[in-house]
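Chains: A, B, C, D and E, in written order; residue numbering restarts at 1 for each.
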Amino acid sequence: MNNSLQIVWLIPFLPLIGFLINGLGRNNLSKTLAGLIGSGVILASFLISVYVFFIVKDGNTHLAHYFDFINTASIKVGFDFQVDQLSSLFLLIITGVGFLIHVYSTSYMQAEEPKDFAKYFSFLNLFVFSMLLLVMGGNYIIMFIGWEGVGLCSYLLIGYWFKNNDYNNAAKKAFIMNRIGDLGFLLAVFWLLAKLGTADYHEVFANTAKLTAFDITGITLLLFVGATGKSAQIPLYTWLPDAMAGPTPVSALIHAATMVTAGIYMIARSNILFTMAPATQTVVAIIGLATAILAATIALKQNDIKKVLAYSTVSQLGYMFLGLGVGAYTGAVFHVMTHAFFKALLFLGAGSVIHAMGGEQDMRNMGGLKKHMSITHITFLLGCLAIAGMPPFSGFFSKDEILAAAFAKNPAFWVIGVLGALMTAFYMFRLYAMTFQGKFRGTTEQEHHLHESPAAITFPLIILAILAVIGGWIGIPEIFMQGGHRLEAFLEPIFTQSNVIAAKHEMPHVTEYTLMAISVLAALIALVYAWNKFSKYQKTSTEEAGIGKVLANKWYVDELYEAIFVKPLQSLTAFLTNIIEKNIIDGFVNGVGKAVNYGSRQIRLLQNGLVGTYVLLMVLGILILFIIQLFL
Amino acid sequence: MFGGVFFKNKATPKYWAIAGLVAIIIANCLELQSGEPFFAINVSNMLSFNSFNLTFIAVALSCTLLYFLLSGRDIEKVGANTPEYFALIFFVLCGVCLAATFNTLLILFLGIEIMSIPLYILTGSDKRNLKSNEAALKYFLMGAFSTGIMLMGIAFLYGGNSEGSFFINNINLGEGKMPVMIAIGMVFLMISMSFKVSAAPFHFWTPDVYDGAPTVFTSFMATIVKVGGFIAFIRLFENSFGKVHGQWQMLIAVITAATLFIGNLTAVFQQSVKRMLAYSSIAQAGFMLLAIFALNDTAKEGLILYSAAYSLATIGLFAILIKMHDYTIDGFNGLGKQQPVLAVTATIFLLSLTGIPLTAGFQSKFFMLMAALRDGHQHWLVLFAVLCAAVSAYYYFKIIQAMFFKEGSQDVKDHGSIALGENITPAFKLLLIITAVLIIVLGLFPWLITEWLHY
Amino acid sequence: MNVIEILFWFLSVMALGGAVMVVSSKSPVHSILYLILTFFAISGHYILMNAQFLAIVNIIVYAGAIMVLFLFVVMLMNLNADSEPHQKNKWILYIGGIAGGSLLLIIVAALKQTAAATQLVQMNSGNTGLIKNLGMLLFTDYVFPFEISSILFLSAMIGAVIISKKEA
Amino acid sequence: MPVYYYIFLAVALFSIGVIGVLIRRNMIIIFMCVELMLNAANLLLVAFSKMHQQVLGDIKPTAASDAQVFVFFIMVVAAAEVTVGLAIIVMLYRNTHSVDVNFLNRLKN
Amino acid sequence: MFGNDITIPHLLIFFPLVAGLITFFIKKDASVKAWSLFSAIITLFISFASLYYRNNTALSGLAFNYEWLKYMGASFSVSLDGMGRLLTFLTALCFPVIFIATFKTLYKNPKAFYGLMLLSQAGLMGVFLSTDALLFYFFWELALIPVYFLCSRWGGEKRIPATFKFFIYTFTGSLLMLIGIIYVYLHTGATPYSDHSFSMQAFHSVSLMPSQQNWLFWLFFIAFAVKMPVFPFHTWQPDTYEQSATAVTMVLSGVMVKMGLFGVIRWLLPLFPAAVARFDNIVIVLSVIGMIYASMIAIKQDDLKRLVAYSSIAHIGLMCAAIFTLQQIALEGVMIQMFSHGINIIGMWIVIDLIEKQTGTRKISQLGGVSQKAPVLTILLVVIALANIALPLTNAFVGELLMFSGLFKFSFWYTAIAGLSIILAAVYTLAMVQKVFYGTTNPLTATMNEISWNEKMILSVIVIIILMTGVYPQPFFNLTKDTIATIITSFK
């Protein structure tokens, strides 16, 4: 416990202030002021995060209790912030990358109206606030608040250009897909509450012994469902590519660097539970791997620059889950970090390109941009190398760590993983080559317009490029440098319990070297092949055929979902509305009324005005009464 | 003892009638207070006066007073024989009083006949109107038929009674199943009493007669006379057959259910408000039959309350109905705008008939249900009763809807008014308001009536 | 079989036969005459049971006054067999017959098993039915109902007057 | 004579009256059938009175006479009823020139 | 007449009652609105006082009893407990909000309108306050009658049949309950003046045979279920909501549906523990089916009011299910959710009303692009809509979290299925927001203006309540602790 950590509340609070100022004052703020406030609060948060990080690095953690969110006889949920190694690392990533993207946005969103501009920044601030809440929360419920909060911001930002209905649909899709996952998360929380009566991390983790194996497996599976939603894994990944409808900085921040890693954060946070549930771990690893491969294959054939990056994000997230699944928590978190750097970089670079192209996103209309935009080009190339896992760029170290752990668990995982890495290198350099190499294929008007982006855009690119290059050096494997894996040492306290249960597989150095060599070599081949092939890319009008068409159409997964979920749901709702509700339930209710009316009409015919009939009926009544009284 | 008072009214119009009535009410109430007879007349124990009877008579007389006040002018309009009408009404009232106080079957018989015969005449008093004639004849024929049945009943009862007596609390029933002869007499009597209170399946005269009779007399028939019949019914069955209640409860349950069912269901489809009220009176009779079904103290309290609540509301409604041009439900369209006082009071009457809390109608239904449940048998009947009450809301509220939520038809607009404006004096409105207030006061404080029973 | 029994059976058959003819004869006048016959038979029963007062009243009031009134009305309306409305619906005839018959059957069947029905009726003796006794009773114990019945008559009179009076 | 015979006779008369009411259409005849029913009741009452006299004659002398007074009142009432009833019938006949009850069906449903 | 002091509960009932009656006699139409608003605000202050003087039993009316029908053991006894405070506060809060929100609406015959509104308020207060079964029934119906007139007199074209259905439906239900009340009453112990008693204590201490409880349970439950409404008794609701004037719809959905829930908690649970234990599964299954079913139908709705109506059915379904789990945590959730649901749905109605007033339509398919014309409205609506789908930090989240965890303790699968409604809620709410507010304008919406300051203000108040409750719900838990403790102990 360290009193100097008392100020952690400022970290999320500042973005909240920014959100409120920008949101409420959006009609009165100039663009400069809005941008300044928006970025400034994040910068302040970042600085505090850095400060906090260094305190935490000294081994100080902090659990701050502010007020009782819910305090009843049956449940206590404090509004708690927990600052420890894991969250402080994420704080850095979120505020750091977030700040850069805010800066970037001040320029990128310049074309907007002042009040929309302010709105944009307020949303962005709100997002950072939610994300901080997510990682700082001291229990699952606060985490869930942030969890849904980021979903909301994602929704708002994807649908930022709300006049376009496609964008709105994408936003809606993202939110609903997320909600499906959220339901899993919630059920897991309920399970915890039901069994342990608490959702506080430290109490849950301290009391895992009270849970049966079935409970743990169930809880972790449900948590993982939540993670698949937020982190775009099979089967809930399809929203992420669509989410590219939002402004590019948003894609960079939310749909690449931070929000989508919430699932990884959550599992890393709950690592002890997952370690105790090997079945879930296997599921996580398989899903992660499958996602990595599936998304990579799709990315091979995409032509939209942001779509490629989106699928690559899905694919990389798959790697992270693979890491989590095989118990390489540090590796996964490491990959989150490096991925944040290079993927943010790539997105921002893509944004720069799009900006320069006047909104054009189709790579077939690009080409040869390296002449016009040198900074973007170089930083983008560095990002590509990093993601392709080329040593000594950051991606190499993190991905390698995951693959090594996967090999230790099951060599088949490794083989598939390497295949994915190969494809990654291929599609990234396809992207790179199509965009920057070769000749320009767009209209002349676009060509005139081409220019390097302003400093507010290039500055974050440069910073991120540097990080993408050196970011991996905090996690150099043991075999290269004794004590080189500083990240592992730093995160050690978080995963202590897990490490006790599942001892790390030590493997011979030779094996490790071989594995590395193979993966690097494979990636390199793919890289070179793609570079060569697509530098000379010419627009063709031939349709893709065979497997290529399937890939270009994303394995028809959207269509599949449409057919097995959306359509049946629609017919079901139509059936319920038109048949069940109208005819059966309401029909029954009205039918009672009609029956009464009908009965009334019929029964009044008895009253036919003839005395004879009346008397006859009376006599019959008399007879009946006599029979009842005398003989029954 | 009341006969003398009636005579002096014979030749006098309304005001004498009202004055005389007030005098009787005061006498009655004094007697009720003191518990001592006011005039000592030797009736050879053929009448019995107790708090229950006297309370009922007070209620009946008060309702009649209200009826005179509200509808006196309309009685004058029926025909040329106004004083005779008043006299006949007084005779009926005398019959009602006898029916409420009888102690022997003879007085019951006479009382019921005195109630009926003037009514046959009143029904047919609108001589030019064929409907009125027809109603009178139907009423008469069927009434005479039921008299025959009643006499058979009395004869069998007398025959079965080993005491050989006509006193109603003097029937030697002994333990166990009642003798067949008495059972036959009981069924005959039940049938004829059911006829008088228009319980199904002996209700057939009711709609036609109520519909055909001049509206102002329908009002009287449907209220005071009918509840008089009920008092006779419950007194007869409580005193004579109370001990073997269980043996005929099923029978009355069947009658009750049939009455509720037919009354409510048939009322739903009626277009004429007058006819609808006739059916509704059958339906209300079904509820009142629950008192006879239950036959306990709650039932008796409730029956008195029901008499008051039902009579007040129905008299008020008929008083309004008389003023209308058009007796169909559509004829009420837009009344809320034209005559808000009439519409609002009519609404209170209808709510009371439906049994909405805050009105006397609720309290009375509540007592009935409580009585029936307290009895502890045949819960299905109670359930059935409330379902029927729900149906009753359907037709009562149709009138409310017409008054407030529908526009008057073009015809009415041309006509100028829905109601006969010249008849609606401020005094009339005031009386309606008083009636409505009475209903609400009784709804809030039913003990204003029921407490009399505990003296 | 003594005289009383013979008389009983004779009068019973007469009463029932008269009653059946009342219902079945075509002409209203015949019906009335058969009804008078029935009333005579009933009066005979009364005498048989030594209820002389009632027997006399029955003949005077019922057979004499009331039925003559009927007869007058029928004459006044000039009704005969031709103007008689026929029951066109045969089913009503059957159902009516069956219903009435079953009423009889039910009551008789119910009573047949009981002991009370076998009690004897005192025939041709006893003095309760004499005018003197009944008169005493009527003006002592039954004075109240007697007074009350005056109201009944009064109302009947008023009613008859109102109804028959020509509307001014 | 067992009272059973009288009961049978009275009920039979009563039933014939009921049948008459049921099947005839002439309102005067219907009315007469009602009178028949009343007389059946009268007969029954008198029979019962004599029955009671047989049993209770000494203990309770009024038991029998009560019924006979009752019968007297029934006759009184019947007379009154006939007055009113015939008046109504005559009135109706004046208006419609018919004595058919089925003619009376303006009021229905 | 009322013996000792007039306490807060009495004021809560009689102030609106008297104010409502006065309203009928105000001459000028213009002053009617001001008067009713004024009286509603006074009522709100009284309600605040009830929250403030929480520990003062004299003011809460606990000591007070007016022997109303002495010989029947019925008395005019009212008192406030936590749940009563919560719901009376909701009632007191809703009416001024409704009056302000619809201040500009011109009604035919405003005297009658506002008078009836205030009368219905009095009835609702009475329901939440009475501690006597007969009195409860009285108020239960009295709340219905003014609303019946309100719905029938002011509203859409098909209002009369729709309201009629509503009325008959609820009336039937309450009559069944009346039988139940009488039956239970006949099993209560004697009081000094009467054989039985209608008082709540007497009712709660009745011990009935399980076989009796079984059918009594349904008599009560149907009455409450119709009011809530629970599937399959719900079909009156969308029609009535659609057809009645928005102010009335707000009363109906904001407060009146709580009567059913309140009834279950206050009367049903303590009276029939054995039957509750026996039928809890059926009720919960019905509720869960209703949640999913209503959510699915909501997806298909084109009329905004119907959409909200169905979404309300889904929400109420959850509350009903939560109550019957009898889990403490779920009941805590129900308490706060009763309040939240009222606030949220009134917010929704206000927005719908504003849109309808400007464009003349409620059809989702005819709207679009509203946010370009009325951004403030959009923002406020979005917050309310998010509260409707229970997003964290809005008020509904807390309630749903607790209710679902209670349901989870009851059954995993029910929770999982009911949880689908969370997703479906997002589907229909977001679709609605998208179609109405986003996208491009059309001729209908192109002429829309931003809402006026008082509308902004009232919506902001709602949004602030939503967020405050969402961030710091603790006061509500503190308030209703005692009620929950009572229920829980009665089941142990």
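We adopt the following convention: a residue touches a chain if its C-beta (ideal position, glycine included) is under 8 Å from a C-beta of that chain, and two chains touch if they have at least 3 such contacts.
Not measured: the values here are computed from a predicted model.
**Student:** Which chains are in contact with both chain D and chain E?
**Tutor:** Both-contact set = A, B.
**Student:** What's the overlap between the neighbours of chain B and those of chain E?
**Tutor:** Touching chain B as well as chain E, we find A.
**Student:** With respect to inter-chain C-beta contacts, which pair, C-D or B-D, contains the greater number?
**Tutor:** C-D
**Student:** Give me the ID of the chain with the smallest distance between its Cα centroid and the all-protein Cα centroid.
**Tutor:** Centre-most chain by C-alpha means: E.
**Student:** Taking each chain's centre as the mean of its C-alpha atoms, give the chain farthest from chain B.
**Tutor:** Result for max centroid distance from chain B is chain A.
**Student:** From the C-alpha centres, identify the chain that is farthest from chain E.
**Tutor:** Here the answer is chain C, farthest from chain E.
**Student:** Any idea how many Å lie between the Cα centroids of chain A and chain E?
**Tutor:** Between these chains, centre-to-centre, one finds 38 Å.
**Student:** With chain centres defined as C-alpha means, what is the inter-centre distance between chain C and chain E in Å?
**Tutor:** Their C-alpha centroids are separated by 70 Å.
**Student:** Between chain A and chain C, what is the separation of their C-alpha centroids in Å?
**Tutor:** Whole-Å distance between the two chain centres: 102.
**Student:** On a C-alpha centroid basis, what's the spacing between chain A and chain D, in Å?
**Tutor:** Here the centre of chain D sits 96 Å away from the centre of chain A.
**Student:** Of all residues in chain C, which are in touch with two or more distinct other chains?
**Tutor:** 92, 95-96, 99-100, 103, 107, 110-111, 116-117, 141-142, 145, 149, 152, 155-156, 159, 163
**Student:** Find every residue in chain B that makes contact with two or more other chains and list them.
**Tutor:** Chain B, residues with two or more chain partners: 106, 110, 113, 117, 120-121, 124, 127-128, 138, 141, 145, 149, 159, 180, 183-184, 207-208, 394.
**Student:** By residue number and range, which residues of chain A touch two or more other chains?
**Tutor:** Residues 593, 604, 607, 609, 611-612, 615-616, 619-620, 622, 626, 630 of chain A touch two or more partner chains.
**Student:** What's the complete list of touching chain pairs for this entry?
**Tutor:** A-B, A-C, A-D, A-E, B-C, B-D, B-E, C-D
**Student:** Any idea which chain A residues touch chain C in the complex?
**Tutor:** These residues of chain A touch chain C: 612, 616, 619-620, 622-623, 626-627, 630-631.
**Student:** Please name which positions on chain E make contact with chain A in the complex.
**Tutor:** Touch list, chain E to chain A: 165, 168-169, 232, 234-236, 293, 296-297, 299-301, 327-329, 332, 369, 371-372, 386, 391-393, 397-398, 401-402, 404-405, 407-409, 412, 415-416, 419-420, 422-423, 426-427, 430-431, 434, 437-440, 471-474, 477, 481, 484-485.
**Student:** In the complex, go through chain D and note every residue touching chain B.
**Tutor:** 3, 7, 10, 14, 17, 21, 27, 30-31, 34, 37-38, 40-42, 44-45, 47-49, 51-52, 55-56, 60, 63-64, 66-67, 69-70, 73-74, 77, 80-81, 84-85, 88-89, 91-92, 95-96, 101, 104, 106-108
**Student:** Under the stated contact criterion, what part of chain C meets chain B in this complex?
**Tutor:** Touching chain B from chain C are residues 107, 110-111, 113-114, 116-117, 141-145, 147-152, 154-156, 158-159, 161-163, 165, 167-168.
**Student:** Going by the contact rule at the top, pick out the chain D residues touching chain A in the complex.
**Tutor:** 18, 21-23, 25, 30, 101-102, 104-109
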